[in-house]
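Look for chain A in each of the two complexes below; its partner is chain B in the first and chain C in the second.
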Partner chain A sequence: MIANLRVVRTAFVLDIKQQAVDLFMIFGVVIQPLLIATMAIYMLKGQDISRGIYVVVGSGMTGLWTSLLFRGTFGINAERFMGTLEGIVASPTSLGTVVIGKTLASVSVSLLSMLCSYAVAALVFRLPLTIAQPVPFFASLVITMLAFISFGLLISPLMAVNLSLTGWVNALEYPMYILGGFLFPILLLPGWTNPVSYLLAPYWAARALHLTSSGVATVPDVLLCWAMMLLLGGAYIAISYRLFTVVLRRARVDATLSLM
Partner chain B sequence: MNAIEVRNLRRVFRATIGTIRRRTKEVIAVDDISFDIRDGELFGLLGPNGAGKTTTVKMLTTLLIPTHGTATILGHDVVHGASAIRPLIGFIFGGERGLYWRLSANDNLRYFADLYHVDPDVAKQRISELLELVGLAGREDEKVEGYSRGMRQRLHIARCLLHDPQVLFLDEPTMGLDPVGARQLRQVIRNLVAQEKTVLLTTHYMFEADALCERVAVINHGKIVALDTPEGLKRHAEDLHIVEVEVFGIGHETVDQLRQMPEVDTVSVENRDQKQALLIHSRIGSAIVPQIMQSLDGNGIRLGKVTVREPTLEDAYVRLVGGEA
Partner chain C sequence: MKRFSNSVRIFFSGAVLSYKALFRWFRLEPYLATKVIAPLNQIMFFTLLGTFATGPDTASFYAIGNAIQLTAMSGIYGVTMSIGGERNEGTLIYLFGSPANRLLTFLGRSLVHILDGMLGVIMGLIWAGLLLGVDYSKADLPLLALTILITTVSTAGFGLLMGCLSLVTVNVMFINNTVYFLLLVFSGANVPLANFPVWVQRAAHLLPLTRGIQAARQVIAGASFVEVAPLLAGEILIGMCYVATGYLLFSWFEMLAKRRGTLEAF
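Right, the complex of A and B next:
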């Protein structure tokens, strides 16, 4: 257990070091959310300026998702290209443990998205940004990180099995912005899409953060969001545990752990 | 006692070809091979590119599941006992991949030490010793991307020794090293065997196999074509004499013509800068030289030095793999 925690810590630290020099991640975590925030603020011009915090939280969530998606999934492929995936798989540590450390790093770094969006909205556009219910907001943020890590664990093993799945990852970025209700409420979407949103922990995360930052959250609302995030997170972890076993065996059969 | 036991191991790869009408093609990479490696033995696996050496090593290191047959490492099956095998083995694959280039050597080694659950205090001590051993002490805080090919290869060696494994798989470990670095590495390998480690070494360099290995298996087209001590393998070519001719610009047609000669056993060509070395194995020794000269002259090939010598392990190997080296 302690040895595995040590792996999580080392994978976390080394991934942060690598992300710091990865220009694509700097774009995904800092520049893209800033562009989205700026665009949304312009769209809100002339409307209720108290919605500024909604924009900051929403654009921050886009950075969180982009970072998780690309780092968590392309991360496995990057390991394959570097030839390090075999080194990890052939070690006594499970690939899932390494992925937890790397995903934790992605999620932590992507909190920068929220900070950057906050800084732009407050300093450039002079929007009044107040987190109405700070304690529930920060508690929601911690549970959000856990939910996102579990979601990362669910999607990353799929990348270990097949290189061609990477193409599909690109297609997952924007649908989550919409189905997750990051930038506008899902009630604006066709009703049949709502059940899909309810199965996504990022949706409950966005809902909790929006409600607590805007100050319209009731205790049952927030508790429901937290419970759903924890419930779905637990389900993702259970599925991913099985998935890692199946997928790694498949990869050893199909010889997809390396570019032989 | 045997550290490694391989029985009828076979690995088939499936590749899809075609764009619209896709078909699956099967490639047999390893074809029904069997061998044992004794505890503490340094065993060599020799073969040309694509012979199946790396596939064999990948199956033994639990990275590939065999299509057929069984293999055990220290009594554990490579398919069902993979998790028991992993802490006991170390491996390196030839080339520069397998390291984090944007991180320092120290970061790389610390990470892999954690992956192998090496106690942090032990890891710290061992990393420092291994950096010294592979000649990277003082450079450990530099990013790997700034390392030369040889330095990366040496870092690989340090990485695979971090957890003090009992069995080592070294897939062309001296590839890309300069002669001094390669010699140092061979000494490291000798020291490992002196510490009673079991080593499976694949290499292209015959003198390396000759100098290091107790026994050598020659693998070609996925099959083991010979398995013996280096001295025993040399006996495969003891009836031969080797005629080595320096030539300039020899073509396939001329080589094929030489192969047709009844007294010629095998012909291989090595590129050496501007010129090529034609290696002709023959049972009749220097008596074949006039015929060879006549054939080369007839094809307008410019000649250099001609020598006739006794066979080496490399000549035995060339004979065994049919001149494909």
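Right, the complex of A and C next:
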């Protein structure tokens, strides 16, 4: 257990260092959410300024998702491209443990999105930003992180098993912004898309964070969001466990892991 | 005469080869994902965001703005990477060592991306009509096509300038992503220019796309050529300024790199 935690910590620290010099991630985590927030604030010009906190939370969620999607997609594949995957797979520590550390790093760094959006909205645009229900909000944020990590654990092996899926990564960014209700409620979408949203932990995360930051959350609402995040997170982990088995089989039995 | 025909041949073969080189990964699936589905997602997201912010009657504003802005996908990413790719792939040294006409070589890098960009815009407008109810019944379609062509060419001109910057930086994708998103915010695709402070409005008018998007909205609403001519003329002028600046930089970087022996230095 302690050895595994040490691996998680090492993977976490290494990934943070890699992200710190990765301009693509800096764009995804800081610049893109800031520009989305700026755009939304100008769109709302002359209207209800109390929606400022909604914009901050929503644009922060876009950074979380973008980071998770791209880091998750290339989490295992980057090791493959660099030729380090076989070494990791052959080591006594499980591949999943390494990916947990990497995903934890990407989710932690992407919290910067929300912080930066908050700072810009408050300091540059002088919007009155208050988190109406801070305790439930920060509790929701912690559960959001857990849900996103479990989603990342699903994405990484999925993309490693199906390399052709990586070609779709650019096309997967906006659908989550839309279906997750990050910057507008999913009520704007056709009804048939709603069940898809309900299967996505990021949707419940956005819902919990919006409700608690705007101060309209009731206890049952928040508990439902938390329960769904934990439930879906558990389901993602169960599926990812199976996918990691496939990745390891390809590495150890079929010897096709590094083949493109 | 032979010199002229050689230049034309180099222009077209350079254009096709640079496009092929950029899309060497070209297969139907990634093409569909990048050029069909991703643009649709962009249009849907920003139109829904805009209508949530300002009301359902404004859907056309956002749908048209984003459909036209899609030209930046080819004009910025495609053109920039075609030029930057020469250095990454180690072909820059041969390009600069050849006696080929530099201006035609430079402009040729944008040709296929202009066609591809126009196709992308047309696809975006079709999506906007089918899914978001944009009405083209009042539009003068040849004039709309001319507007798309001019906007695409001026955006590609901007891409040529960005492409030159890619010759002196390693992080070309960072520049591309930032420029693409700046255009999304400040070209008027998603925010009416009047919502910005005056200095931002002035800066927005120095960007490609700003006038083209305005013109496209007016043409779709039924405006005639005379009404949009000043906007189109402004868009052409902006595009030419970017091409000229880009070419000057291209020539300057060539001279500098040759003198310092840093053609392939990163």
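Following the convention adopted for this analysis, the second predicted complex is superposed on the first by the 249 of 260 C-alpha atoms of A that agree within 3 Å, B and C clash if a C-alpha of one lies under 4 Å from a C-alpha of the other, contacts with A are read in each partner's own complex, and residues count from 1 in each chain.
Note that a contact is a pair of C-beta atoms (placed from the backbone, for glycine too) under 8 Å apart; a residue touches a chain by one contact, two chains touch by 3 or more.
What you see is a predicted model, and the numbers here were worked out from it, not measured in a lab.
When the two structures are aligned on the shared chain, A:Y198 is found in touch with neither chain B nor chain C. In the superposed pair of complexes, A:Y241 makes contact with neither chain B nor chain C. Applying the stated contact rule after C-alpha superposition, one finds that A:Q18 touches chain B and leaves chain C untouched.
In the superposition on chain A, contact of A:T93 is made with chain B only, not with chain C.
In the superposed pair of complexes, A:G167 makes contact with chain C only, with no contact to chain B. Chain A has no residue lying at the interface with chain B in one structure and with chain C in the other.
The residues of chain A lying in touch with chain B in their complex are 3, 6-7, 10-11, 14, 17-18, 21, 82-84, 86-93, 98, 249, 252-253, 255, 257-258, 260. Those residues of chain C lying in contact with chain A across their complex are 27, 29-30, 33-34, 37-38, 41-42, 44-45, 48-54, 171, 173-174, 177-178, 181-182, 184-185, 190-191, 195-196.
Contact residues of chain A toward chain C in the complex are 23-24, 26-27, 31-32, 35, 38-40, 42-47, 164, 167-168, 170-171, 173-175, 177-178, 183-185, 188-189. Looking at the complex, you find that chain B touches chain A at residues 13, 54-55, 58, 61-65, 83, 86-87, 89, 91, 93, 95, 97-103, 107, 110-112, 114-117, 120, 159.
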